[in-house]
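Read the structure below first, then the notes.
So that you can tell them apart, the chains are marked A, B, C and D in the order they are listed, and the count of residues begins at 1 in each.
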């Protein structure tokens, strides 16, 4: 049942122009890496790779792709009314959310993880940054799940999930995390950086101390599980407005 | 309910598949559905009312898409709100033709079949598509379908698990006459198999031609339930108007007056308009008096049987 | 001067034929355009507005070639689209005045005409509220008002009663009829309901699958059928049997009997049969030939045979 | 407007026009029936001007509920804050008698103003361009516009003019605040104006370039989706992602390649063009130095491409 929903959702996500746009977006970091490789100046390759992957993949590509696929997976259906077909079937709501996540999260992970792998390998794969690249790829996959669940929950709660999500990513995780270090405890990006730093602290280029591994892991799990539960609850209470 | 007894339909044999018990639904201050009780049994039942009367709200509550704000709504003995398992036995055709355009007709119905967890989803899918006569177009994307085809593919998806209860919201909206006829005969044959079919409409003729029984909703209230014509005839406390064309309008009018069959008459050119307070009596007396006076009746037409006039009488009672 | 002239007008969308070799000349009046869904009604209207380019052939509105003088044509034509096409956040007065200006009316004139036209379609205080809160009937009135506001010489109405309930439908058709007769504006009214066309139009154009079926004054379409419907207040099977034995071919459908009359004393025989059965007579009415007959697949089943 | 009896409108095709029924004492009952319109019809230019005016108002949320005004006016206020701060510093410096030294050190001057408020300008374009287009597509209002006495390219041009004008106002207002403030601060107003007058062509020139480029680009993007949220995200992405790329690259691979890439980044292009109009020959990201004229060329190319895409989109769209 979950697989049926996931398969259908995958078809819907891939049937639109936005899938192509996301693929184009995912190619940008690799292009930057190519340019840097061709024209770059020698330096600490590990530091350079970490800087590129953190700045382009973790801060920009991953949340953006997760935001688009996460809000489109279920939110788009709820908004245009076609969700009624799914909601009038004998399917428990948790399976609906799980099916939607099972389509959007792997799609995000595959796209962003692939981009991470290619980008890291281009820039430093043969110069000692291969391990770091794998760590970032793993983080992208984990991040895909957490972000997608969060944005699915948002899309059930509000019709303006995309804007709200953009504000969360740009303002909360971006600007505020730099100004108020305390907000890092509630930032998916910081969870991922904390997980990477747990493997090797040198692999994180950003300023400020990364979160402790335990905190990062617990945070990621809590956000993912909490989002899932909120999404299921909200979907159970979701009322289809009458047309008349 | 304090309404007059004759308006109450005979209760269908228990347990009725659809039961509303003093159900109300409001959105903020807007009351869309106000203290409605009825039961729907097997056969075709029409849910009739003008735009905005609350028909969609009633159907949405039955289908569990909305909780009632007060009262109880049960579908096959259970409240459908937050109880998706009930959809194993219910098919819903929503009003908005919100079919995802990227899917093919076959894909859409197949998806419904698999979500129902049917053992042989593919066979059920193809059978449902054949039932609505869409097999030739089944592999086209739904985006290319006409309105009528979309309605039919929605119906196929609602029928794929062979449900005993089918709910349809404005199934005839936007269909042209041919599509309308096709939909009607399909619903008739489904009802003949013993299913419970409830459909909403604001067009009198559709309901008249299809439904054995109607529920009339007006301004959020259940205004009447039962056989439409019976309901109309029960409302004998207001004058009914007929237009008549005959070989001798004056002689006929005089005879009708003499017999006390009419309250008033107006002769406008070729057309005689008469008002009567006793519908059943008038209908019997008219042919007899015409026969006695040797007047040929070319045309007899009730003029105020429009839905609106019925509605306004019903709410003014 | 012809109102509309089509010369072998053809429109294909990729592999779908929307209009096929339409040749037609129409004089001013209230013209009904009927056809089932997908017959090409909307396509024809959009070609006449210059919104769609024909694949081949030509179309003229008031002697202007729509393909080459689209702007001039649109200045003279008002269009009410098939779909709800109104912005929810503007009040009707703003939208209609803006549309008037877009048809070239000066600002002051646009305001005056807006007030006039909104009154004509029956919108009063609510004109200052955002359209998003209007009912379907009110929205259709706004759509008609914006099509009328620049005093067009031709109105193109695409399914103006779509989604309206019977009262709304009656009011809209009455408004259309008045626009055509009192205001002296030519009208092309697209609908799939012949009943609406019958009540509103003088002339009828029927198309099917993009081809012209027929174009003629309305009377030619809806002639009497020679079938009379007799309705009782009870089951009509006995009446059917009695009429059959009296030599009148008929078909029973619930409470109604459809009787084929060939003149003579048929009406009297019906009356007498009803009296003999002591039944209640609700209706005797000649069946009109309707669009439904034009489209009916199973004519034998529904007709008298 | 009632005029003489019988002179009103076209009336029924076969009947006389209707006017007033005049009684013996001159009392009249006026016929409020339908009247035709015999007045002038001003044609396409007037129609387009009306569409521009309406769209301009729309881009500031005027004639709409208060909510619609929050974003445009809020952003405009944010964009004016540095101007007010700069004036405050100037006034303070004058009191302290160290005007020249402090002003030279202030980061807020005519030539740095646009780069300083760059992000706010992008946000304005990203937020308001979809306002002008998405509604018309989403609610199918486009069908009404395209059936009036205008052409499709007129619609595109009117929207471009309207958003361009709105952005011009957005850009020029803070600088006008500085200009007027400085003139008033000067001991001799005429001399003060004369001293700053030289900067005016550059200020206006850069504002024109910025307004046109961002308006055309964001409208071109917004024309492809009826959903405002997606359009806003896409416009923001088109500005932010290239800028971020240039930023990352200039650390990894300083040199000419970064300069070349920056020619494709709208934000960097506008900064480069700003350097040009204020008389700097070189511009570009910190690690690369490009002739600033190249950025002006790139800006013009972006304008041409965006405008062409916008017009082509509306020529093809099915309303």
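Here is the rule we use: a contact is a pair of C-beta atoms (placed from the backbone, for glycine too) under 8 Å apart; a residue touches a chain by one contact, two chains touch by 3 or more.
No experiment lies behind these values; they were computed from the predicted model shown.
Asker: Weigh B-C against A-D on C-beta contact pairs and write down the one with more.
Answerer: Looking at contacts between chains, B-C has the larger number.
Asker: Going by average Cα coordinates, which chain is farthest removed from chain C?
Answerer: Max centre-to-centre separation from chain C belongs to A.
Asker: Suppose every chain is reduced to the average of its Cα atoms; which one is closest to the average of all protein Cα atoms?
Answerer: Chain closest to the assembly's C-alpha mean: C.
Asker: Indicate the whole-number Å distance between the mean C-alpha point of chain A and the mean C-alpha point of chain C.
Answerer: Using C-alpha averages as centres, the distance is 53 Å.
Asker: What whole-number Å value describes the gap between the mean CA coordinates of chain B and chain D?
Answerer: 54
Asker: Using mean CA coordinates as chain centres, what's the gap between chain B and chain C in Å?
Answerer: Taking the mean C-alpha position of each chain, the two centres sit 24 Å apart.
Asker: Centre to centre, by mean C-alpha position, how many angstrom separate chain A and chain D?
Answerer: About 34 Å separates the centre of chain A from that of chain D.
Asker: Give me the residue numbers in chain B that touch at least two other chains, ranges are fine.
Answerer: 51-52
Asker: Which chain A residues sit where two or more other chains touch them?
Answerer: Residues of chain A never touch two or more of the other chains.
Asker: Following the definition at the start, I'd like every touching pair of chains, please.
Answerer: Listed in label order, the chain pairs in contact are A-B, A-D, B-C, C-D.
Asker: Considering the complex alone, what residue numbers of chain B touch chain A?
Answerer: Residue positions touching the partner: 32, 51-57, 59-60, 63-67, 82, 84-88, 90, 92, 94-96, 98-100, 102-103, 107-108, 111-112, 114-117, 157, 169.
Asker: Taking the complex as given, what residues does chain D use to touch chain A?
Answerer: For this pair, the touching residues of chain D are 229-230, 232-234, 236-237, 240-241, 244-245, 247-249, 251-257, 261.
Asker: Could you please specify the touching residues of chain C with respect to chain B in the complex?
Answerer: Checking each residue of chain C against chain B gives 36-38, 135-137, 162-168, 192-194, 232-233, 255, 265, 267-268, 270-272, 274-275, 278-286, 290-292, 295-298.
Asker: Name, in rising order, each residue of chain C that touches chain D in their complex.
Answerer: Residue list for chain C touching chain D: 28, 49, 51, 70-72, 74-75, 77, 79, 81, 83-90, 94, 98-99, 101-107, 109, 112-113, 116, 119-120, 146, 150-151, 179, 181-184.
Asker: For the complex, which residues does chain A have touching chain D?
Answerer: Listed in rising order, the residues of chain A that touch chain D are 18, 21, 25, 28, 32, 35-36, 38-41, 48, 51-52, 55-56, 60, 64, 67-68, 123, 160, 162-163, 166.
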